[in-house]
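One chain, chain A, links the two complexes that follow: it is found with chain B in the first and with chain C in the second.
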Partner chain A sequence: MSAATALAPALPPRRSRLGLIVALLAPIALINAIGFLAPVLNLARMSFYEVEPTGAMREVYTLATWAKMVTDSFYAELIVNSVSVSLGITLLTLVCSYPIALYLHRSTGTWKTILLVLVISPLLTSAVVRTYGWIAILSDSGLVNNSLGALGLPPQRMMFNLTGVTIGLTEILMPYMILALLAGFGRLDPRIEEAASTLGAPPFTIFRRIILPLTLPGIALGCLLCFVLAVSSFITPKLLGGGRVFLLATEIYDQAIVTLNWPLAATLSILVLVIFGGALVLYTRALRAIL
Partner chain B sequence: MNLSTKLTIAALLMSGVSTQVLAQQQTVTVMAYAGLFQERYTKAVVEPFMKANPGIKVEYFPMPNSAQMLGTLRAQKAAPQADVVIMDVSVSKAATDEKLFNKIDEKVSKNVADLYPNARIPDVDGVAVTFDNLVMLYNGDTVKDAPKSWMDLAKPEYKGKVAIPGMPDIQGLSLVLIMDKARGGTDYLQNVDKGITALGEIAPNVQTWEPKPEVYPVIISGQAVIGAGWNARAQVNADTSGGKLKTVLPQEGSVFQINTINYVANGPGKDAGAKFIDYALSPEAQKAFTESMFYAPTNAKAQISEAAIARTAVKSMDKVIPVDWIALAKVRDPIMEQWRRKVIPLSR
Partner chain C sequence: MTDQSTAPDQGTNGTAGEGFLSIRGLTKRYAGFTAVDNFDLEVPKGELVAFLGPSGCGKTTSLRMIAGLVPATAGRIVVGGQDLTTVETHRRDMGLVFQSYALFPHMSIARNVAFGLEMRKVPKDEIARRVREAIALVHLTGKEEHKPAQLSGGQQQRVALARALVIRPSILLLDEPLSNLDAKLRDEMRNEIRDIQKSLGITAIFVTHDQGEALTMCDKVVVMNEGRLEQVGTPVDLYERPKTAFVASFVGRTNRLKAVAKDGAAEFAGQRVPAPAGLSGPVQVMIRPHRIALSPSTGSEGVTGTIARAIFSGDILQYDVDVGGQIVSVELATRGGETVLAPGTQVSLSWRPQDIFVYGAAA
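Right after this comes the complex of A and B.
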């Protein structure tokens, strides 16, 4: 047997490789088609259904819901509000997580493992439980206000408003941000920093000229992930918002569960998907610019 | 015939009998609220029904709210899994319009004839099975002088201490209707401006418009000290909290919330569903559930103990403002709009 024939099975002809790719991709494509694509299409169809004031839905197609969305300024405010609040929370999460991720990246051995477990452990508790934890901390007679009182300072309203939602969501999103940052820190090499230091660069210059540019992919990934999670989260805004913070996700919940306007809930859901699409486009553009 | 042959025949006969019983065994699936409602309703109505009808087994299928019940009914329209549904009247109207129910009338249950007139809602296939009403709640440890008026919620001493389930929840909507009437509003279907103004005066005091998980524990724990909630749950919570939670029916009055019982079209249990509905509307079931959870009865013939009836709105019917929830659904959107623009901003 010649060497060429022996190698043949390892390098199959192009056509059968294509078949293999299709075969390997088929299961996940099928799951996505059934579990994601079909419901989304169904949602899109429902957004054109007619709805009566009582909530009764008729399978008659109408543009009324979409027209209402365009003409009622409340929804424009809702979108601007949701996007800006989510961006703010993403930025805050980044600022809080970046130093932790950098420290984690540089630590070694058992210490690194312990820290990593500490960072991931909040994910083992559900967001509901953690949000109730924040209620205990931020309430009028909670830990923070009691401490303020002990120092002779006036109590602050820290929950049932945007402040509470921001604090709660930032903490809930931090583990995701830290993990995403760590995943994107691959290009960061301590030897480059050492070289810069040897050449006389002060710490801030090293951070600005070397560390920050090299960690941009991680920052982009973390921001994308946290923004998407922030826009779609509704439990924390529901529990900490006190009915004062109007966001897309909470409005979808209200329309679907309380007001029973399923077509409107469906329309808003499609809108959220469009916002996600926009975020993904921005992310790919940003990544291309960085790399 | 020897003994073993006799035993064999006996065994055969027995098995024949038991298969017959099995063949007669029917199952009724009742979809209704989870939690406290499930616990009390099972004890007061479901278990006595099964005792009286050994051939029928009742499966209680708990759901967190009426909207999710409607969602389930919609999803199972082709092959329903439930026979009986207990849900809020507005949702029942939506399900009626989508032709998901059989009409409940005297042919389904003779008890329908004994229901109070407002328990039979025009253009809704179900009939009322419980009445509840909005009450003012307060923490008896902190609030020493019992409040009398809904406007006490606007008193300066309660700044940041008020918990009201706000709109789109119908408790917030109910409060708008009550205050609109109290301030001289004549037709809530035309406008509720006066009610919105009154809520705007309460708004600066409000700590949360979304008390979670419910308003009752929030007031019992002292996180808030005064607010609004449903009477039945408040009464049970008043007992379980050892009297810490107190309730009052304020001078401006209240409105009824109606839970209807509905007969699902093409349910798997067939006529057994009608039997359960008949029992649920009977004076004895109505009495048992009112005495257990303090929902006002819908059957006029139910003989309820004085102690229990005193804890419902039955003795203060003059204070109950009639609300047509079905007609109200048409103007809910504009009221919601005013709530967002004129009430919420004042509570920031």
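Right after this comes the complex of A and C.
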């Protein structure tokens, strides 16, 4: 009895703190459950539905669609293709963005603000508009080919193929990459670079031994973000690929809207989610290795 | 590192001229202002020289020019007869200890210390040996595999010192190395840096705004103000024979009193003090508080004043004496048994003529 009364005063605050945590988390948990979790579960269920030869979907469970994933080499190729193209674009975006981010990190004052606004400004325009901009530049009678023609050089095919998709997506992803890199450049300190220099490190060695390792967290974050955006990008591959570049997102769109094979679209969507999960695991592992 | 016979310093063959480090006419101008103006200095081998001055006096800029981190606008930097003025930082062979330590956060302590040796392509087993010795020298044995963030400020400072020393630099540059440490650690590191510098016989420059550090640690002190060199001398020189009013007031504590000079003498409270030739009109008279003798009897020779305040702080008894409207601080070392004179008591002050300095009022 006496022990119970001695413990009693300690219990209510803990319980009310737990209550507060639950109360604070409830709204976002509810929104996520209705807006994200339920549709994803629905999608997962749909991937097991049967498809009639006419294309209509029947609410009968079957493993047929998933079996097709495994047996039809087209889908294996589609996944490998999507992942490798996205990885390539991510790498290209990183190479293009890194010097800009480093320069931005080192600039100061008004100049830095101006540059930062310039980096962010493309995000104010929709990807659709920017993709059309690239069409005007890359198409057979576009800016580049007209210039090549004027110089007497043979025209280059830069649209409706992987080249166009790569160029367009890289440019579209660059602002995200630059911002992610900047967020991860916190450990860079000019004094540390100076210290390396006084110890005898020439500029490239300073980059390799000091700057690069210190910016790895930013690189990992930027690559994760851009890879996820690249795999799920749809408009740019659709418009610049012209149906000749087969990627997961465009295939999902075709299956859902054109072919009306919803179970197949659902299965591919779940696969995209699995790929994202894999990327996230890799990112976490990489981060743990870096820090 | 502790074994001098196997540690021949690099780039120290022959001291050309009078200084091992010779700085001539070093100048740094930025748009609109001159950070360092026509700086001349000769540092003999093995000396520890302080660059002392208030913030913004150009001492750090001078150090950074010596390290090659800031290009000089004009002037020359010569080390051991070799002109380094246009040599890139990474080829200068100088060890720099930063105020913020600037350790490589992603490397272990051992890797931090090894970095400079790796840059010099020293064989692996020798790197291991020298790193071990350097870490032992700064009393950090056992912390080799720690990351800098796992060490305290004082320990990080020691790593920075070991990292700069392990390459056996021609010159060790220390940029306010103690100002981020707490008082107790600062005193400890002060002695440690001095001992290490002496035992290695390394030429070193120590940038500080703390006159105590400069006086107690260094062979020679360079006092700087607003980009210009005020005076170069031993700690005793600066304290006993300050050339300018700035040096007199910046190094040690002093009374700054207003007086009027004419005919080669300054008149202060009815007493005539010899003044440098050429001075006339308002001047500053400076005298250190503990170089003033105070006696309670009036009428004797000296300056008469009234005690405005008495402060007893154990080892020192300080009187603020009102002399003709100006406050003169007097410090007396306590011997025990003295009576503290009450405010309002008439006293007379006297001093030896060599303890009083007269400067133009403009300074």
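By our rule, the second predicted complex is superposed on the first by the 276 of 291 C-alpha atoms of A that agree within 3 Å, B and C clash if a C-alpha of one lies under 4 Å from a C-alpha of the other, contacts with A are read in each partner's own complex, and residues count from 1 in each chain.
Operating definition for what follows: contacts are C-beta pairs under 8 Å (C-beta built on N, C-alpha and C of every residue); 3 or more make two chains touch, one makes a residue touch a chain.
Bear in mind the structure is a predicted one, so any value in this text is a computation, not a measurement.
Overlay on chain A: chain B and chain C fit together in the combined arrangement.
When the two complexes are overlaid on their common chain A, residue A:D140 makes contact with chain B while staying clear of chain C. Once the two structures are overlaid, the count of chain A residues touched is higher for B than for its counterpart among chain B and chain C. Looking at the shared chain after the overlay, A:L199 reaches chain C, while chain B stays out of its contact range. With both structures placed on the common chain, the touch criterion links A:R45 to neither chain B nor chain C.
By the touch criterion defined above, A:I257 lies against chain B but remains apart from chain C after alignment on the C-alpha atoms of chain A. When both complexes are overlaid on chain A, the residue A:R285 reaches neither chain B nor chain C. Aligning both complexes on chain A leaves chain B and chain C separated at their closest CA atoms by 48 Å. On chain A, the surface touched by chain B in one complex and the surface touched by chain C in the other have no residue in common. Interface residues of chain A facing chain B in the complex, by the touch rule stated above, are 52-57, 74, 139-141, 157, 160-161, 238-239, 241-244, 246, 254, 256-260. Across the interface of their complex, chain A is touched by residues 67, 69, 88-96, 98, 100, 102-106, 115-116, 119-120, 163-164, 167, 173 of chain C.
Contact residues of chain B toward chain A in the complex are 65, 67-68, 70, 74, 90-91, 93-98, 160, 166, 168-169, 206-210, 212, 222-223, 326, 329-330, 332-333, 336-337, 340, 344, 347-348. Only residues 187, 189, 191-192, 194-202, 205, 209-210, 213-214 of chain A touch chain C when the two sit together in their complex.
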